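Across the two complexes that follow, chain A remains constant while its partner is chain B and subsequently chain C.
The block that comes next holds the complex of A and B.
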């Protein structure tokens, strides 16, 4: 039953939910279609200065010397800004809630750690004049060895990306180099399983690519404050971040936002606001700092690349009895928000399935790449891609229909999750049923009748005995003696040859090929991760459209009610 | 050295001083003050800056301002007549064809250029007409529906 909290907002919410299923017009739609919606860059001010930034051409280099004397004399230049001009030139976004150490400068002073890192800013009378001045800045670099691979970065002797984290791993609770989930005995689970399947998955970094690039306009206000027009996705988060970096009271800043030309997580990081405000402070003029598309890609953080290794123990009847997951998040050169993404991932594994033994290790790793950040379900969607690919492979291994396989393993109300919380209001069974119905994908009666409300609890609510870790979490304090606490996992393997699965109704219906043969063991020396073995080409073929049974498209499996 | 450029913007004569090499997007947004065309990339890749020049859809960010001397330029700012919306504007509203709205000015102008020369386009022609306009929010389907609906509506403008 849906239940509404009326204790806080007594009469503000109606119980009948009669807007569901109806179109309700957006309040900003008229502005969008008439072009009167005011985006941050639509604010035009007299005497506005334009800020542009010199960016590192190196992935990793020591800065020996920066010479801005010619740039300062360049036509139309109002101000050259360097790291020393930034009141607090080191920040980490989640420092506002005490999570992580300040690690990213607004303008690099001694070292650059990724290609595109800001070094010098110029405020000039036009963007072109700012670019011309930047071309006159001289920087002497000593290039340093760079690291671009998460597992390489954790090896002893890897270049230190970010001196704040000498082991190249984010430190949780100021001590631990990764997050862990331990629930039950996975090794015992693997030993008792009929099949064991281990696979590696790799997600690319994904750029949010909002149609409007990041940017902001800051201007002195009459009362000594600064007004900031911004597309930020977190208005007060940005305001507080700027107040910290600029070392001013937050009431010195007046942020105007709420209208963003797309964000998708890419406008959370206050990429431009601090320097725009600082430019306005140092010149006394309105200052506009807008990223070009290339800067957006190179300086604006994408979703982190993630490397995911999943090892599952599977019984012949399709039950997963053990799941071990290791994820390395590529945070790039600085933390931004990936540390939090890894926590979300830890909270999400093993996915929406009840598995009696779960083992997870989650690393937020520093490399010489563009710092990664928030992006649409970051920390969860990436590992879900891997988990659901794995589920399809496991279903094939068990000779089961992939939809029925998910229903079989789905968690139900009353089950114990790996995080020692009881599963409540679960709905995966119903989601799969609706998906199957919409796709006209036939599932057998017993799976059509399954419910998240039944079959859970009891033995499934038990917290299993969990062996103590033989390697306690690595304590990183001190950093210099850092060694990675897990060895890179072995190549994909099948511990024992898969028995030819018995024919099932599913196979009869869709002539699914037998599970893929065991991949060749990978030589231990080959470093780049092998892509998961390709699926047989016809695995993913949609089923032939089945004749819809009576009511299949007109009744919801969830509520049994007629839909429009 | 600033160069004067005169053209007709939405049926009104306008004059603006530009720097050599300035593009039409800069001339419109910073010179004339028509901020309806948007900057999304500055390199002809996204279509957010789409305007109509002499009846043809043009990417303002890669159109030289001086090349528009004497030309007829249309932007989203000129589409609405008084309180009445253009059929494309109504159709975009009715079909939820905008979310953040940043691509919308360019999208509507690309669609208008199509409907002006082909009042009854096929779905393929609609898709072709907005092929240069990136929308990161809607997934395009509502936009295509909206343009087809505007074309089908008996209302002529």
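The block that comes next holds the complex of A and C.
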């Protein structure tokens, strides 16, 4: 049941509008409920080929040899596509706006970096014939040690997952292996606090699970153009990604979409469009490439696993005086959008509270799993889980009601936030008050009377003196020196010198610790791990001036050529 | 062995839009010869209601009936650029672009009407039902259809408008993280009541009470759809789903909706929602965007309710029966707290 509380903020609002604020029936509702809405997969065409990909059975392996000769002779096969057929077989999605380096092939050629990575594509007259042809592809692999845990991946000697980022961390600002937030002096805050509580949280990956899986249908049009029916969440984002990978002008592609059967962030990556168009280019036929449910579930790019450590300084009266947050985002084998999710998380910390000292480190870490990507609440959902569980523990530590504790620490209009912008148009206090009222959860009069519009600003608007962070500007080893090219260098030069592979069995190395036996506060032994030591001297030469890869300078009609 | 009830709460905010390479959206609005309008976008309707929310913004701004507006999205040959439907940006960014385009189109429409009525366009008003009239002179009026026809067949005007809304890129400071990540924020607080079975470890969400502040609820039914559906997703995130149940060990992931667990119809809890509206100064009619945030407060509220019920802190998602039982065993059984809201 939904009710409006028009009594709140009535003086900031006009309520005399005509159709705004009315529950008018959606223009697409009849089509949806009668099954007549047109989705991308309703554009089936005569002579259409079906594309399927061969996926790696290994989490990490060198590819010694690929033999497609049997597959090419398989019945109904129109074309076998390999990495060498992809005009620009290395891309990163946010390269369109100059953020990050090209790191992901459309079809793997020399290495596979996650189980399920596409290696060979087949266009055949039916999906079944495509699957039968794929079963005839022979690939010789040399399995390599794999890493699945974000903190293990950052340790020296860990297997290099993504050769573009040899230290297994995305590189921020050409300088750091993480994004920083520094606001005030957290160490001084911890020293002055009555309680210090440090806790560790973990969320597993989550699948977006839309009803309609990823897919697309591409077909030749006139004038050398290709029409693409797609459920992408970003029409021009996908169009420009395809134009880059296929090395064509953006107006060679005509994207038609706009109606998707659910997305939740899982349809931002252009998972199928580039190969569907390439299939249409190479066969001259319409080509349909649709992920099956298992492919969508296992290889479609989930919400990343996130590990979060929060350390808070708390006063006896319930005020939080310092908050330190470290988050490791598990990006999987490639960057996709996780690099940005970590920045969004940095902007979100410390949550909707005014805390005079905030310190944050946000890592985008590469591991040998399906690349993660955006999902509803990107960069925020996981850390909100951690922050709000932490808030509950802090309230108990201060002996306060959890509602009153939120209101006491809530940000208010005029307060300075940790990313150094003034809080405006806030309404956390009122939400807590109304939720308490609805749930018949008693709070004291002084908290019922609190307002987001009063009590903020003044001393709370100040940017506190912030000590200079003197820790060395760690960068991912050798990351800046890598120059992406269309033809990858020989495989032997891609890897860090082989470290001795870990001898412990997988479960022992990576299993999560069991839940703690005692409630908080947890002993200080749950310290976050020390940062990895500085790189060996031979990796510490100053990097050459940032040489943007081809993907960072070329684009585009849409995004311009800005480089940060 | 018994079932224990507990309550937990959480409060959150959520940024509207993103901070990547600038955040623009564009819209085109034009009238056909009969005064029926089309909005052309390349924004995406994922089921969330992009088409309807921009349709209402256009109709409100033009001052014409909702039935006289349809939204066409998304064709890259006809729809102008939009970054896409993500980051809770659709209502705010595309909505603002439609607002600007509809304002421009309304200006032309009123000029066409003014020429026919031989009055100043500034003296005209729309009644929202298809008529343009002279303010203070109710007898003197013209229909939107007549004005559109006169504009296009007599006066040579395109009854059309263009709109763009751009939030420029804000650089992120490497050392301090200083940035302008979003233009406005939505807010929520959530109370979850759960029942924990200390024999099976199964957690049942009994009821949810929430308050959401969304700027303005442009279409309350679609807001309800988002908040109810999003809370379901939050329950699912909290208690059920992951493709890697033993993360970071990648074994044993679900491959379909039989193996990948999510709550079924019998697991849906009653959810009482209150909506607060503090209009965003830069939002279309004050709107922010409820899309992404609504799963977020449910997850910690459920975890905190489990602690209230049986005294174990569940700091790893999803909170499966196996994890609850292990935690209860390590603690030596349930220790109800019953401190929340009593």
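Everything that follows uses one rule, which is that the second predicted complex is superposed on the first by the 452 of 564 C-alpha atoms of A that agree within 3 Å, B and C clash if a C-alpha of one lies under 4 Å from a C-alpha of the other, contacts with A are read in each partner's own complex, and residues count from 1 in each chain.
One rule holds for everything that comes next: a contact is a pair of C-beta atoms (placed from the backbone, for glycine too) under 8 Å apart; a residue touches a chain by one contact, two chains touch by 3 or more.
Note that the structure is predicted; figures quoted are calculated from it, not measured.
Trainee: Would you check which partner chain A:260 touches, where first means chain B only, second means chain C only, and both and neither mean what they say?
Mentor: In the superposed model, A:260 contacts both chain B and chain C.
Trainee: Is A:23 contacted by the first partner chain B, the second partner chain C, both or neither?
Mentor: Once the two structures are laid over each other on A, A:23 reaches both partners.
Trainee: Is A:290 touching anything from chain B or chain C once the two structures are fitted on A? First, second, both or neither.
Mentor: first
Trainee: Does chain B (first) or chain C (second) touch A:269, or do both, or does neither?
Mentor: A:269: touches no partner chain.
Trainee: Tell me which partner A:171 touches in the superposition: chain B (first), chain C (second), both or neither.
Mentor: Once the two structures are laid over each other on A, A:171 reaches no partner at all.
Trainee: With both structures superposed, pick whichever of chain B and chain C touches the larger number of chain A residues.
Mentor: Between chain B and chain C, the winner on chain A residue contacts is C.
Trainee: Counting only touches as set out at the top, which of chain B and chain C does A:35 meet: first, second, both, neither?
Mentor: first
Trainee: If you stack the two complexes on chain A, which partner ends up touching A:117: first (chain B), second (chain C), both, or neither?
Mentor: After superposition on chain A, A:117 lies in contact with neither partner.
Trainee: Can A:44 be said to touch chain B (first), chain C (second), both, or neither?
Mentor: First partner only.
Trainee: Under the stated touch criterion, which partner chain does A:209 make contact with: chain B (first), chain C (second), both, or neither?
Mentor: Both: A:209 reaches chain B and chain C.
Trainee: Just to be sure I follow: which residues of chain A are touched by chain B in one complex and then by chain C in the other one?
Mentor: 23, 25-26, 28, 32, 209-210, 260-264, 293
Trainee: For the complex, which residues does chain B have touching chain A?
Mentor: 19, 29-30, 33, 35-36, 38-43, 45-46, 48, 75-77, 79-80, 85, 88-90, 92-93, 96, 98-105, 108, 134-137
Trainee: Along chain A, where are the residues that touch chain B in the complex?
Mentor: 23, 25-26, 28-35, 37, 39, 41-42, 44, 126, 128, 209-213, 260-264, 290, 292-293
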